[in-house]
Amino acid sequence: MSEQGPGPGGLTHVDATGAARMVDVGDKEVTRRTATATGVVRTTPEVTAALRDDTVPKGDALGVARVAGIMGAKRTPDLVPLCHPIPLAGVTVDLAVGDDHVTITATARSADRTGVEMEALTAVAVAGLTLHDMIKALDPAATLDAVRLERKEGGRSGVWTRPDGR
Amino acid sequence: MSEQGPGPGGLTHVDATGAARMVDVGDKEVTRRTATATGVVRTTPEVTAALRDDTVPKGDALGVARVAGIMGAKRTPDLVPLCHPIPLAGVTVDLAVGDDHVTITATARSADRTGVEMEALTAVAVAGLTLHDMIKALDPAATLDAVRLERKEGGRSGVWTRPDGR
Amino acid sequence: MSEQGPGPGGLTHVDATGAARMVDVGDKEVTRRTATATGVVRTTPEVTAALRDDTVPKGDALGVARVAGIMGAKRTPDLVPLCHPIPLAGVTVDLAVGDDHVTITATARSADRTGVEMEALTAVAVAGLTLHDMIKALDPAATLDAVRLERKEGGRSGVWTRPDGR
Amino acid sequence: MSEQGPGPGGLTHVDATGAARMVDVGDKEVTRRTATATGVVRTTPEVTAALRDDTVPKGDALGVARVAGIMGAKRTPDLVPLCHPIPLAGVTVDLAVGDDHVTITATARSADRTGVEMEALTAVAVAGLTLHDMIKALDPAATLDAVRLERKEGGRSGVWTRPDGR
Amino acid sequence: MSEQGPGPGGLTHVDATGAARMVDVGDKEVTRRTATATGVVRTTPEVTAALRDDTVPKGDALGVARVAGIMGAKRTPDLVPLCHPIPLAGVTVDLAVGDDHVTITATARSADRTGVEMEALTAVAVAGLTLHDMIKALDPAATLDAVRLERKEGGRSGVWTRPDGR
Amino acid sequence: MSEQGPGPGGLTHVDATGAARMVDVGDKEVTRRTATATGVVRTTPEVTAALRDDTVPKGDALGVARVAGIMGAKRTPDLVPLCHPIPLAGVTVDLAVGDDHVTITATARSADRTGVEMEALTAVAVAGLTLHDMIKALDPAATLDAVRLERKEGGRSGVWTRPDGR
């Protein structure tokens, strides 16, 4: 039995490479960490009009998507196998309705040993899936696009902002 | 993309007000926090006799309700959308059998940045729902009443106790 | 090893009585089943005014509570230990704002082998807990009262309505 | 207390419109239903080479993403508030590595009263988020794009395939 | 995009073999299915005496383990990646205290398209883990042994009973 | 209402003894804690050959079991009623294929107020259940044996290693 975590020591070659592991962050610094992610739901002008007028048949689509995004952020370690469970300090999810799309922006914050990028991205993805569910009777072809990290801050690597052209 | 969390900046009027958010508690103090909540399941003398004699057909109703309440406290952030996930330090759930009712008392404790009122209240509610489930073959009209916070302690606001007359 | 489920056969006296079990419903009829439950959150006129005006600081309290109630109904078998997991066919949660209280009404529907009372009651309780969370900065003494079954229909026992005086 | 689900009856104007509900599908037909969704994770040639060679530091990225996608499909009703819980009959998730991207394809199948579009879309989104997590040390700018329904079959509406140009 | 599920069609060689999938059971017969599993927690005579006398410091160890086993059975599809979510019709968990061990027996029942072996085995494993947790202050060396299927019935393959010598 | 947690004070005799509680660890030290557990899945040489050759019909059995074990560790407080929810700092799960068995080794790490034995044991048990699920078409009689703690470190009690003969 090895203390070093997964690796070839004492194991057959079957597991010798590529074994997934949840890396140990116990010695990382407890600092304030923030991450912001965005995404876009592309749909039709009819749907965005219904969202603005709050006439989507299934109910308050933007409100439900926002709540789902916040709750989704909290489920990140249940969904993403190697994500660390962390006590999230705060989450916001915004939905901005454009002509033929809805832009989703999520910011996750913690004061812990590991970053919150995945929490912000998960909030965007779950809000986007929920928006799809709310509008799919009107537009089954709606698409969730450009789910991506915009900015993160905190921890050893400091501030990262999305490079131009990506 | 705004760093200030949800708000009108850059959004259409659709989201300009009333947007739910999980507020950032990352700068709040890490202190010992405790909350106690109570509730009452009102039922019949026949049911309370069965509870005392442990003859409820579905099994050990009080024991199952207590376990469900403790586990329910841990599910609070999964159930209450804007609750922060926190590492609960301890939970107790008591059930006291009266003549025609059962009084439930739950105390939740943490050493974190946010209070544990919702955890204590959720423990009471889930224990009460479970008790209802265990006895509903005998009394489908059982009622969960008076689920309320009795006392909380810790954090900036110090000690709060329920005012008389509420 | 016994096929009859929990009981004294082969066991010591420790388990001979009172053992909780999830009863077998596999031979029950697949029928349409409906249950309606209600509950009341008692608070202050200031809070109900804020709910009406949508000026609760934490956001759209009624909308968030409604979503939480619907999601809570789906979590019933995770929360109530002996509840059967069932494919819920529909859930509605209404919140009606009165002078100093909010009345919550939830209806759960299925087409399965077991009733949906616990799903309706759980929807009410989780909506009530969430409403408490949304307004607790304004009124920490808010109370969830009278969580109870009003009516159920379907299955062998037909229609049940709450008797007068309970 | 109304049997008709959410609506203005007996409620103040606060809830009179836009109330979210999980619509009743209990009278819909039990039929075989299938849905296929796709999505694309856009990244760098260096990352796709590491995926092909199984040299991603965090482990077997494609295998972990596939498992996460399958498990994510099962969590759909926990994530998407108004989705019906259904017994999924099967889920497959494929990941095809291209030059600078990975294409994810998920198919969900059921024999139930409601479609499985959201399950297929959720599988794609969770597999995509997980892939992002596995490669983010190499490429924090990786983007999840074009998460969309390709085809669904079963139920009253028969076969739907994605229209050209969407 | 292939309808045949995971396979080499259209994919690079990366996924051509060994891809996990949740196999489609939608065309399998809906029948009554039952499975029984057992397991043994090996501990000390001091611990079994405490279990019999109900003097375990952490509380009613057998009752808590039984509830945990029943709830664990319901969580099987959340834990075992390729297990189908099914509406369990019933679960029983028995714990029989011997001289230096506790025998756990769980029976799961459904009326669905897929077997319930994993549900019975998961109930045993979670009850065993919980018993370990309850007694670990007295015996941290307690061992969960012989978690195995004893019998299953229903579906195309009929009755299976554990062969002698396994 | 008592602040001392569950006990006879003010309660009827029904709850006077044996009441389960999640003990308060809020005053325990925040230290690095590690626990390693092992277990063995006993099966046939045909199955271990299929595992080595990656020809198990259901897919990459070892990889799926490893991911399930890691995710299972994170679900420990959801499964084991009196376990404290903690932010796990790291988890590794190894599977070593022998002639007629697979040995599972899991190590859990945290920097918190309570030990991680149950997380390590749960990782082993869930990996073992998953392996059983993956191979059960080939060997329904496979057995999960010897799930036990090997070593733990951290907290007041320091290092514990499994005594000889247990």
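The first chain written gets the first letter, and so on, giving A, B, C, D, E and F; residue counts start at 1 in each chain.
We take it that a residue touches a chain if its C-beta (ideal position, glycine included) is under 8 Å from a C-beta of that chain, and two chains touch if they have at least 3 such contacts.
Heads up on the chains, UniProt names are A, B, C, D, E, F = Cyclic pyranopterin monophosphate synthase.
The structure displayed is predicted, hence computed values, not measured ones.
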| item | value |
| --- | --- |
| Neighbouring chains common to chain C and chain D, by label | A, E |
| Fewest touching-chain hops separating chain B from chain E | 1 |
| B-F or A-D - the one linked by more C-beta pairs in contact | A-D |
| Chain A-chain B separation of Cα centroids, rounded to whole Å | 28 |
| Chain A-chain E separation of Cα centroids, rounded to whole Å | 32 |
| Residues of chain C touching at least two other chains | 19-21, 23, 54, 60, 63-64, 67-68, 71, 75, 78, 81-82, 85-87 |
| Chain contact topology (line, ring, star, complete or other) | other |
| In contact (per the touch rule at the top): chain pairs | A-B, A-C, A-D, A-F, B-C, B-E, B-F, C-D, C-E, D-E, D-F, E-F |
| Parts of chain E lying in touch with chain F, wherever the complex brings them together | 17-21, 23, 39, 54, 56, 58-60, 63-64, 67-68, 71-72, 75, 78-83, 117-118, 121-122, 125-126, 128-130, 132-134, 136, 140-149, 152, 160, 162-163, 166 |
| Residue numbers on chain F that touch chain D, as the complex places them | 60, 63-64, 67-68, 71 |
| List of chain E residues in touch with chain D within their complex | 1-3, 5-7, 10-12, 14-15, 19-27, 77-78, 81-82, 84-87, 112-113 |
| Residue ranges of chain B touching chain F (in the complex, touch as defined) | 32, 34, 36, 38, 51-52, 62-63, 66-67, 70-71, 73-75, 85-98, 105, 107, 109-111, 150-151 |
